[in-house]
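Both complexes shown next keep chain A, but they swap its partner, so chain B is in the first and chain C is in the second.
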Partner chain A sequence: MTKDECKQVVLDIIADIAPDEDLSNVKPEVRLRDQMQLDSMDFLDIVMELRKRHGIEVPEKDYQQLASLDSCADYLTPKFDALTGKS
Partner chain B sequence: MKLSRIVITGVGLTAPNGNSLAEFRANLLAGVAGIQRREIRYMGSQLAGVCDYNAQKYQTKKEVRVGTRAGSISIYCAREALADSGLSWEAVAKDRVGIYIGCTEHGNVETENEIYNISKFNYDTKFWSHYHNPRTVANNPAGEASLNLGVTGPAYTIGAACAAGNMGLIHATQMLRLGEVDLAICGGVSESIHTFGIFAGFKSQNALAAHADPLKASRPFDKARNGIVISEGGALYTMERLDDALARGAKIYGEIAGYHVNSDASDYVLPNPARQAECVRAAISRAELVPRDIHIVNTHATATPLGDIQECEAIRAVFGEGCPDTSINNTKGYIGHCMGAAGALELAGNLPSFDDLIVHPTINVDDLDPLCALPGLVLNQPRAVAKVDTILNNSFGMLGINSALIVKRFVP
Partner chain C sequence: MNTRSHYDVAIIGAGMSGLAAGIRLAHFGKKVCIFERHNAVGGLNSFYSIAGRKFDVGLHAMTNFVRPGVKGTPLGKLLRQLRIDRDEFALCEQKQSRIAFGPRGECSLRFTNDFAVFESEVVAAFPAQADGFRRLVTAVRTFDDVSLDAPPISAREAVRRHVSDPLLEDMLFCPLMYYGSATERDMEFGQFVIMFKALFLEGFARPLEGVRVVLRVLLAKYRAAGGERRMKCGVKKISAHAGRASAVILDSGEEITADHVISSIGAPETDRLLAASPGEPTTAAPTLSFVETISILDRQPAELGWGSDTIVFFNDSSRFDYVRPTEQVDPRSGVICIPNNFDYGAGRVLPEGIFRVTCLANYDGWASQREADYQADKLRWFPEVQRSARRFLPPLASDDALAAATLTTDMFTPRTIAKFTGHLGGAIYGATTKHRQGRTSLDNLYLCGTDQGFLGIVGAMLSGISMANYHILQKG
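The block that comes next holds the complex of A and B.
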């Protein structure tokens, strides 16, 4: 999985949990919380949807890795690759 | 002790046949029911009363997703009631507002949804939603309304089975009289069609209605009635002390004249006509009236074979044959049983009678059960009457809770 594909996975989840947000111009380097209305329960939603849809586990100590789209991609892409057998 | 006079100054509602009082009333007078078939989890197609109000009128998509159906119905009804009241909401002291919402039950819907959800993951509870607890706490519907409105006064629900709608208004009356709040948003809501358990429970009890034509399925007092049609809905009112309402020149729908609440203490599900009659008599007495002063009796009858007969027995015991000005009706033929919203919605449907002097009928009575043949029963066609000064609203529930509320025409 490319990092762009990984960002799209996260955006697809955000589109469902924050349906009022305009996601057409999300800045990947900026914290998600600083550019849309997301609270701690929403981040738990992102964690839950990664688990449900993709079998990805994000332990609590790593939640900060989900702060921005860039940090999501850096953190999650290896996990997706591990699931699909890529190193 | 002289008690403050309490008046109704706003109405907001959603029913299976209307999303405003005007629409609801017009359909009650025109005989338009709102029952349809709906897929219920594990049970297939069932009869249900479904509301089609526009949730996005007052909620974001995210609020609808995070919250519950009961919360959404509460928000819609509360906002509609406030808009109807003419209050300048920005100027209202939010810590002096109380939200009192009657519920038959709460939490079944979300619990069933989560169990169904984890069934797709081999019942692994790590897939259980973190929203489960805020969605299922018993105060959820009132709490969601407080969040949406910014109300910082007391906001909670009142669990009273199917007597709950009346209980919202009764409790609001008490809190206004105690001076606990200056404005009450009160009534009842139901999200019951979203839980299969209520359908399955009534089915197992042989109390779930069945009929080829959904619009004819709910038929209180008819010989062929065979049970309850389960419905969702809500009706919330703004209520104030009379002095406050007059000071701001509010439109006044009616005044709380009296009420009573009691318990059967006799059975989990079977009503007790003697206790029901006691409840109605006590409400009439508290209103300083006698039975012949009651002009409309809205019955609770849910179209179960035995329950209708027992309520009729109670009404016969109170009103007998000597109340020529008393009309008796029922709303469930149109909307089914809206559970916690039933009492509040059914009162709303009758309030316009103070102005139009028409009593809406009980519909779907093709063959009146002789055991339900009360004098004054208004069947199938609206009845114009000379006088409507008082409405008695009955609402009874499981575990034997009875409530009777009397609203009278406002006379300064």
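The block that comes next holds the complex of A and C.
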């Protein structure tokens, strides 16, 4: 999986849990919280949807890795690759 | 041996909070079943039919209404968490509501879903209180009301720090208490803040078809997520072993096991299921309960001159006494609801006029009468309650205009509430003690709903959501 594909996975999840947010201009390097109204309940849902849809586990100590799209991609891409057998 | 079923989570009660908890858990792959003793969902916010007419119970108006685009409020959180599109609820806004105090409602404060209207009404009626009122609003806006472990403080004391006129103080408390206080005279300040935001800073709305629209949406989500539901299937006992709930026993004797149990039926009611012998008397504090009169009219209330007010909170006395009455009913104060007076859009109206009045009532006064006396007392109080309420609405063309327009009436009492919801003492807002974290004496048994302490319909759903998240989903 490329980092861009990984960002798209996260954006797709946000689009479903927060359909009232405009996701057309999300800046990948800026914290998600600073660009839209996402609270801790919403971040929990991103984690839960990653597990439900993709079998990806994010332990609570790593939640801060999901702060921006860039950090999501850095953190999650290796996890996706591990699942599909790529390294 | 009984048939045995095992669930990840068993939920007791299919009210708003139980359904919301069920949707969250089923959505994330938990095997969930909701057990409901009644044959209808909704609990305290349900509906019933008499002669083909549907009557809403509970819901006057959905509080917490904000317009699309307003984020970070309870309604938005609820829609996101349950994956509900706000159009599904099809909410229509109130026209205006009022707080009317004095023997004929001489002092009246109007409010709408635009807070500036309420603020200007308060400033015009109580100019000397303007600064204090604004300070109170700031205190409300900045209070952390979602904390699950905030220390309790008296709302009366907190409000008096800013508002020194007892009339304004009582007028602010009246709607908030009527729409959500389980305690007499005073509230916990956190509850006051939640209710102040829900009613004044946010607002009222309703789907044209009332509470059943909300219930229909919840049921469809729950079903689509794979949740199971068993109706007419009450829980009579929770078995405990080594500090954990080991099984729930249904009225039929069937035994269900579950890793987690969520009870939405109330704290003392849940304790009763845990008691060694079921039906053992509990020592719960006396609860506040209500009567409501409902008149179905052959015309729109606007034709009687009652076309402006959606909800009117009234009180005729020098102070507002939110206490359990010594008589069966205290008609001095109450709430009028005219469901026709929401803005349903051009050409959309309720087919009949509806005039509802709610007053404080004493459960014991209604609970143990013989049926004939009970019916006689209902007949006696019905006109008392309506006569009291009518003082706060525009005068009718003639004294019998309401009676002439009335097609049928109904009335519910604390006894009706206890019978259909199972809440001890006919309680609407639960026991006086709230359990913010939803914990019980057992590790894997949690409370949601009124006794967890988020109130109103939106609060009830958020309670189910929060408890499912906090105790089950966050733990993986």
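Going forward, the second predicted complex is superposed on the first by the 87 of 87 C-alpha atoms of A that agree within 3 Å, B and C clash if a C-alpha of one lies under 4 Å from a C-alpha of the other, contacts with A are read in each partner's own complex, and residues count from 1 in each chain.
Going forward, a contact is a pair of C-beta atoms (placed from the backbone, for glycine too) under 8 Å apart; a residue touches a chain by one contact, two chains touch by 3 or more.
The shown structure was predicted, so the numbers you read here are calculated from the model rather than taken from an experiment.
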{"item": "Residue contacts with chain A in the superposition, chain B compared against chain C", "value": "C"}
{"item": "Partner chain(s) touched by A:Met41 [first = chain B, second = chain C, both, neither]", "value": "both"}
{"item": "First (chain B), second (chain C), both or neither touched by A:Lys52", "value": "both"}
{"item": "Which superposed partner A:Glu5 touches (first chain B, second chain C, both, neither)", "value": "neither"}
{"item": "Touching partner for A:Asp74 - first (chain B), second (chain C), both, neither", "value": "neither"}
{"item": "Overlap of the chain B and chain C footprints on chain A, listed as residue numbers", "value": "17-20, 37, 41, 44-45, 48, 51-52"}
{"item": "Chain A-touching residues of chain C, taken from the complex the two chains share", "value": "27-29, 68-69, 71-72, 76-77, 79-81, 83, 85-86, 465, 469, 473-474"}
{"item": "Touch list for chain B against partner chain A, complex", "value": "60-62, 65-66, 121, 126-127, 129-131"}
{"item": "Residues on chain A engaged by chain B in the complex (per definition of touch)", "value": "17-20, 37, 41, 44-45, 48, 51-52"}
{"item": "Chain A residues within the chain C interface of the complex", "value": "16-20, 37, 39, 41-42, 44-45, 48, 51-52, 60"}
